[in-house]
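Just below is one structure, and these are the notes that go with it.
The chains carry the letters A, B, C and D, assigned in the order they are written, with residues numbered from 1 in each.
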């Protein structure tokens, strides 16, 4: 069984740490690889930072039009290897092939946007801001930037940061989730083919010790994190205590509101995709489905039918519509939360527990599950489940729905389905979340817009993607320049 | 003796706290007022936040073109009352009248820039980002924003934040320095004349307990701070641990490099203004003056002459060029640091200690002081003195100068005086500081540019002033909108 | 009877031209003033340009933060004199006082936006665009800019240009419509109170000869025009032949589409305001009202009622809802067009001709008029009437409506009334016009957005207002700067 | 001998016109191809426009992220075929291989910048611009855009426009110079490999009749032109008379000022490259070299030496430093202008006429030529020569130099060589030209900046490249949107 190597200073290196943890296929329980895991990964991290710091000296000085050239090639390589990468994602993370391809497409789009850095990095110039004085701004890179990415989008999330960080002249150290390190392992084999100086990007495997080492290393200037809210707050807090800039994205409990004037059939299909896509393991998964005025239960019925017919199984099979959750612990936690929902008064309308997938009996499978009648003040409508479980909530007006939406401690996403321009506008203006969908099930911002979590879904101020990426990964330098007239030399 | 009231919810209110501390004129030691100071100021703060939170509900919904109207009037009022305000600054803070007027001018410029918010708050729209889908961003306000301002610019620093915060739709609670609360007391009498809803801006007096109450209050969404680096880091750390966005500006130890190809006479005059302006009590004061290749000591001589003839005294006298430092503790600390410099091997070329100002014998006066021969590895060339004390350092090349500049733990400012375009460019590109001056003694960014401290001079990522102000005081909301063609209703 | 003076080089001057034309109150036929009109106004124009060219030498060099100061004061003066100016507009132009106030408010908003010029004029800077080379852009002013404004918005339209032109450092010569010169005469009395150097703004009265002199003067670098499409094209063509940059806005024939799912009562009230506001004499007046699926005639009925009860009369009376058209020639032309509509098969549903306004029998009054049954291929649905005349057109679907809208040769505005998000989106995306209203009757862009006429409604590329104003009134200067390392001088 | 085909609607087509003109290798006089030339090319043009208009219907609707995909591939194809294309440029246009590669690199950079269109095309959104009203801007494409490109940069200049035009959703018809059609012929063979719908880009050969057909065709909405000033003005004038938007770049007579404090050796080498590069046939060629204070003639001497040793010959030979001029007519015109210079009093310091290039005796060769003593008021210092001819002008101060620079009717470029920051700043601020070089010989803006000709060097307002390209090729559409609260439907 292979133990994964780190990619440091342009070379694949064995970790200093000999302890490992297993990378397990969630559909088959097959151990796919072993990944270094323990205190000595901190030494790996330190070595990667050292190389990154060294590389920064010249990389930060290279003209930006040259720095983006490897990104053009990276786009090509990602496209050329998309199927292979998608398969790896599916195997280590569980999602379907279509979903894996989709997240890679999003990754590529971030590479594309970062190719535009020569324009995006332009800063401001003002002539003659006072008599004979010019003032302007330069955007300079920070130095070594660190990234800690989660298990649910092994192929996409590092790309919310990496392309922007390096295009702006920083160097970059990535610690992927120890649960799904193989996708980035493959991506770094592609990166290895780029014309990038040694040390500009590095990959270091590990767990909490690696993370803490990154948070505490004085040469790491910025931290980008995606994970649970609890850890996000920890990252923000510890990174800040060390004086770093931090962007830390957390979890969510996303509501979708559906009004009767929406096209119910289309809408419920979209909503089912949103809820059960990636087996509910995404920070933009909808999990509270609010129906308004669904007096005849039409919407509920439609959602039920849509959920029921969704095929669960091993994602490598193209016909499969939903894969397993990441591991047994997660499966158990989801099950417990459903029980707790029932204890709170919930009624399980559709029960996906004990899903038996022929040939994959050991897989971490749970089929689409719908609970209704949950109390609004209870725990389950507030708790992130991170599995294919819908809370179905009936309310009587858009105002009640907004009140419910805004009682949420998180703020990643809120969506509405309606044909009414007025209702849509009211919702988009008042919903207390950073990514709003109008007749959209997964309101994931395109790469040119910031992925705008709010409240407990995000700690910091500058998000991933787009212009926020440029701002986060550069520091502004103001130059106030006077060339006194008297100094104009005569000859 | 008057005990200052708070301005909360549009009214002047007596503090809950009965303990006070004195506001003392640093030139005369006259007690000018008493300011609430103690644990119960936390209750005042809570009340102000409550009012601010309430005001936010409607203020945040008001069209931005209406929200800026009071700022136009505020500009007018500040201009009309400039002399009175300047006098107050001089009396409580010590600086000269010219300096007080100057800082008020900078305050007004920030009000002006924030008047442009209807343009600055515009966000991005993309039609048809995918088939039939539009995507756009809205900038919405955060809620209640808190500000903690320092003693050295009582009239200016609150305006790095206040105009941007309220123009973007937030409400704002200011805690001024308890050493210099009178300027803002007067400013809020002007603010009281504006057509601003109750609770949009509040003024709460106090000390550390007030600060902590602000840092811990869950409804305060953002903190703007200016002060020492030690406190700035504390603010950033504690604010972040509470999940807030924070911009915390700290201290500095700013170098100026002077090359022999500069016009020495003009340059040394400018440098003296930079060093001794505000008695050295500003985060952009130059305190390490590096001469390069000054073989004949011409620059040194010129600096010495310029420093020597500077008149120290009570700032209300228009002829005075430098006022006292803020208090006796500060005076003593500066004196101790000079002693320490001598212990390190420094030679006091010009000794401003024991300055006797006729008629103001009790004032906290120290005249311009120059130390030379300090070891580059010693403490004094690294320590912020915050008084009118120059370290004079001789080096042999611009490369040595840059190495010295970049060994600084801070990064507020670095300036160079030269007639050479090549040297200037090299310096501005490589100096590790956020505000660079080329033949400029105080590289203070105009209001439309961010005040860009680096390293230990700043914690966070978005600075005060200009576009950074807009970004800091708004949260981005992304809307992904689809109106399916099929939903285009027929009639 | 007063003959109006020009305002040239900071002084009120008698024109070289002795011939005059009358300024006539359209409600009373009272001659209010005489205005110079003839070939020798070209000499006035030349003199104003000469002064402007001279003033440009120093005005263009003044820091932008100083150049905007007079605009802050101008805002204040316009607000303080708003009632007097509104009355003047009503008296010379005919519209109601409410309408006059409204257009002045729009004027003031443009002054406000131009106050933000220190931010808006910032240009781009890129460090190290190639090894050691920096590149940046400066926005510099053009020189003398000329403006020719129409009769229908005497108080607003000059402000689409003037504040941007002078804030960016140009000097400005305005020729107002000879029909309504009094409003600008009063505005220039306010401008005279500003702290503006002589020659920065000038006012020259006259007619076609004045216009041609402006178009042909080699020192006039840019022309801003608003008027009929025929003249706009002439202006664009002749200005371009003389090498100038030109923005020339023309006429329109604006459609409003109303779907049955709109709130009919509210909508028809808004539409009536749009159609009959300013007696239909505005480039954003709606004149083709398209009903879709109005099978029971509800919309038609509602429009009829709304039109019928509109009170026509002298605008100085606050109760009056619609004033006269500009002159007898216009009145006659409108009447002839209605006749022509009848000849084409149109049926006059509501006939406003021969309106008798007690006490103002000589006024150029025509009451709201509605024609239906006009052939879509006829002349009247295509011809700008510039009077309070609706063509009422019944169609069967939004697609038919869009086809009709896009058959229009103009492209100033297209509006839709609907509650359907899908229909609104389709319309806004596909309607071939530059200003789109969704449930808005007069889709006039706010000052921070360009007034975006399309097709025959606009000639040029950069419109009035907002960022387009900045781009139009500045020329970009690119600086490519290298300071070879070897030139870094040693000492 | 091949007669070139047009590329229309995705296919190579024989022209309707049977008359042709020869494409001649300027070094060998070999006829390389025949190109359609005559009145019937107007029919070809009309056909291309028709196809483009049809293609526009769907291309303009395609999401921008999809529209840029072919540009990524185009970048790759241009890089892969760079040598072949460079050779073609050299053969038909005469410049050296290094120069040909250089211009292709610039072409590729424009493709890269246009790949960033998803960000660049974003427009502005403002929520709640008035109570409950949102306002935003959409950038929509214009339709069919036409381009007329000159002989001197056959590979680069079409790319100042094409990538921006199509990335923004327009369709594009290119008429290359009939003197150098082969480069674009090859480029379109690459374009043919892209996944672009038929009709999106077309290539139509021809001469003046083709141009006029483009200028007059009602479906062509915008014209981009580069050529002589005389023709540029004609294009602007005729295009405007037809109501189109036009950007028309003309000729130049570019000055370089050299001060004695520059490094003379480096500077003169750069200046020689600027002057003699492309045999002086570029709109950024320097032709008036102004020395200031060159009392000992050091600069003059150095320039003379640098010019003298430059090797003239057939560009395909890698050792050759300068190629021939475009044709015999041009050669003769240059010779005549030199004679005229002598008549004016000029002294030919270095005479490149009658250059004999062994093996290429028929080529249009003229070696580097330097004339001195030309009168400043004469014709030759004002006339664009478009050949390798320097006027050497001695002046006494930078003020005199600026006066001379600003007496120029053109305004493409002005450069200065100096080590003085003050002189450089004065020059860049005051020189009346749109592209300024500081110690740069050819101040060509990078692709992300507009190529900013001024005065007679440019007609219009929006230039080629960068953000100006986006603005020129899109029309702004403002949407004012209200969704009345009352319309929020209840259920």
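Everything below uses one rule, namely that a residue touches a chain if its C-beta (ideal position, glycine included) is under 8 Å from a C-beta of that chain, and two chains touch if they have at least 3 such contacts.
In this text, all values refer to a predicted model and were calculated from it rather than measured experimentally.
Listed by label, the chains touching chain B and chain C alike are A, D.
The chain with its C-alpha centre at the largest distance from the centre of chain D is B.
Inter-chain spacing, taken between the CA centroids of chain A and chain D, is 44 Å.
For the pair chain B and chain D, the distance between mean C-alpha positions equals 48 Å. Each chain gets a centre from the mean of its Cα atoms; for chain C and chain D, those two points are 36 Å apart. Along chain A, residues 65, 118, 122, 124, 126-130, 137-138, 419-422, 424, 429, 438-439, 446, 448, 481, 483-484, 486-487, 489 each make contact with two or more other chains. Put simply, chain C touches chain D in their complex at residues 124, 126, 129-130, 133, 135, 137-138, 233, 236-237, 239-241, 243, 245-246, 263, 266, 419, 424, 428-429, 433-440, 443-446, 448-452, 454, 456, 459-463, 468, 471-472, 475-484, 486-487, 489.
On chain C, the positions that touch chain A within their shared complex are 61, 63-65, 118, 121-131, 136-140, 418-422, 424, 438-439. Chain A makes touch with chain D in their complex at residues 65, 68, 72, 75-76, 109, 112-113, 115-116, 118-120, 122, 127-128, 134, 259-261, 292-293, 397-398, 420-426, 429, 446-448, 466-467, 481, 483-491.
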